[in-house]
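The following pair of complexes shares a single chain, chain A, combined with chain B in the former and chain C in the latter.
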Partner chain A sequence: MNKLFTIALMLGLTGCSLFASKVEAGTNINGTVESRCTVNTDTSGYYGNPNAYTLTTLPASAGQVPVIRIDTSLANAYKAQISYPTSFSSSPSLGDTVVWTGTVAVDQTSSSDMSGYQAASTTADGGAMRIYPLSIAGATWFSVASVATYGGGQQKAFPGGSYTAVVIAECVAQ
Partner chain B sequence: MTTPILGISTEEGMDISGVIYNYTAVKDQADDFTVTVQNENVDGGYVYQDTEDWSGKYGMKIQKVIPIAYTPIEQFGKGSIATTGTGSIENASVLYMYRWDGCRNPQNNENCPGYVPPMPVIPVIEIYDALEDENVQDATEKKDGLGTNKDEDTRETEEEDEEKERLEIAMAATENALTIANTASQATLLHRINNATNVSSYYVAQIEGGTYRESMALQDSEIVDNKRALRSLGQDNLMNEMIEEQYK
Partner chain C sequence: MTPTYPKWQTSMIDGVHKTTMEMFNKRQDVKWYEIGVFDEEWNPIPFVTSYKVIQLDYLNHVKFDVYITSNNKDKAEYICSLSKLRGNRNNKPMIASKICSRFK
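Showing the complex of A and B:
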């Protein structure tokens, strides 16, 4: 009788101990996504200086329009967001206002089916950014023209020095 | 495809792996327009054909890459850009991507597997046989007696002429030498003649006269014939007869 009681007590204690403790394990699952869209500079741009108060990428003014190439291998998966500059990333100290204008346009495509990209694009950020839904897999070249005028309409001369502006091109998943 | 069209040497071992073309389609959006870039295959048909249908689309610049399985350049025929519908293309260019297999023909490089050193071209040498030479045959041909005599006569005539010429030249030289020396020798000759006129010393010389007696005397009273000489003469006579016998 005592043995039976002792065994029952041991089983009871063991069961109590099982209910009293908790074991946990955490396992990471890693993964990477390689974008099916790439952005590259096809042609570097530079400013011409046709007069003291204007910097422009127009070839007629000794400038060069930059060209950006965006490739996507997946249709209707990405949109291209391209902005012309609205400020200098580096320049001499400027005490007056710079007026920025520019255009973003489809320069060439790898398929005639992309010929409607320009018509289908929209603008944002006050018109400086143009958004293109990339509905066709392939390559698209975008040209970005930029004009900077100093003096806030008063045609003041730019201070002498080096000026740099940045065109931002992004491939964003839809 | 020829070298002027491709811009590079179209040698055996070159494979085309792709084409990059671009052009600007100029058209109204509503117009139907297609553009086909293609390259004929020398065996018939086309190596590749790529058509863009611009119908109902905006005209613009296009740049496209056409991948092609490695195709020997020998298969490429005439290339062309064909259009249909209303529109045109501007600033078209077609670039070919290629690879070069330098050992397609092992003989292109001695380092290629299967290269066989070329055998040198052995020149054909004609062996000269003097006996077959016409000139030698003419020279060694037998001549008849008349021909030989004629040649000898001709040779003798030529030798006589040469001798005569040499003699004339020698005489001319002698004559010239005498003419030159004549003036000098005349003065010497006159001088010697003047010296010779003084011959009075010869006239005054006297030779002593007298009689010169015979001093020789023959002591033997009889002269004996020389028998040895007589015998020798007899043998000589016999010899002469023997010699003359040969000609009888």
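Showing the complex of A and C:
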């Protein structure tokens, strides 16, 4: 009788321990956080044409400055590289020189800790590209102003037609 | 593009390594992305994938494998997706986006 009781007790304890390990396995919730970067067009820009020889995104000249939003989920994983245009991607045939100028600036940030981004940025590609180390996780909005002047300083009129230029927003792993 | 820091793995073919990438489209104005592999100086490196230009609808994910010869494995520094912009006839500057992961 005692033997039977001992066997029953052992089986009971084993069952309990199996049951307990099952419950423990069922409570695990695993997850990983992967750093990532996304680029969004917040505001599509367009050129205004304040005079015959200038195309500009400045609102005072009926243009619109494009705004790009870049989100990063982990700090110090990416750098943003934003370039203003230095050529047209499509335009009528142009026989004279186009002079390009522009600026890239931090427009807004999701955290006040990012207020130093503009000061910490550097330039490349003759100043057309601005590089921002994204040292804090969150969202940053960049505005890109662009001005194209035709005639190489001679103020010649742009030929009539449609003009498109491309702003490049890059997010590169550091 | 994830992972941020991918690793090459041996593939089923001798002398060929592969890595698996995932891409997410957060741009409503873009449906096509081109994949590229580059060295440290941003020179292109030959690679093979199912499609070099991938169609990806807004807020959709796609997983794809990238294959490279073992000789080029150590030269590859970046793997990037570049948005493909459709031409339009408005006088609008368009925004091209490029997101790059890095082999470390």
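Just so we're on the same page, the second predicted complex is superposed on the first by the 139 of 174 C-alpha atoms of A that agree within 3 Å, B and C clash if a C-alpha of one lies under 4 Å from a C-alpha of the other, contacts with A are read in each partner's own complex, and residues count from 1 in each chain.
We take it that a contact is a pair of C-beta atoms (placed from the backbone, for glycine too) under 8 Å apart; a residue touches a chain by one contact, two chains touch by 3 or more.
Since the model is a prediction, treat every value here as computed from it, not as a measurement.
In the three-chain model built by superposing on chain A, chain B and chain C fit together without any clash. Once the two complexes are overlaid on the shared chain, A:L94 sits clear of chain B and of chain C alike. Applying the stated contact rule after C-alpha superposition, one finds that A:N40 touches chain C and leaves chain B untouched. The wider contact with chain A, measured as residues touched, comes from C rather than the other of chain B and chain C.
Of the two partner chains placed around the shared chain by superposition, chain B is the only one that A:W141 touches, whereas chain C remains out of contact.
In the superposed model, A:A119 makes contact with chain B only, not with chain C.
Judged by the touch definition given at the top, the superposed model places A:V166 against chain C, while chain B stays out of reach. When the two structures are aligned on the shared chain, A:A75 is found in touch with neither chain B nor chain C. After overlaying the two complexes on the shared chain, residue contacts for A:S111 are found with chain B alone; chain C is out of touch.
Of all Cα pairs spanning chain B and chain C in the superposition, the closest are 18 Å apart.
Overlap of the chain B and chain C interfaces on chain A comprises no residues. The residues of chain A lying in touch with chain B in their complex are 106-113, 115-116, 118-119, 139, 141. Per the touch definition, chain A reaches chain C in the complex via residues 34-41, 44-47, 49, 55, 57, 66, 68, 74, 77-78, 85, 89-90, 144, 146, 162-174.
Within the complex, the chain B residues that touch chain A are 22, 25, 52-54, 57-65. Put simply, chain C touches chain A in their complex at residues 1-5, 24, 26-29, 78, 80, 85, 87-102.
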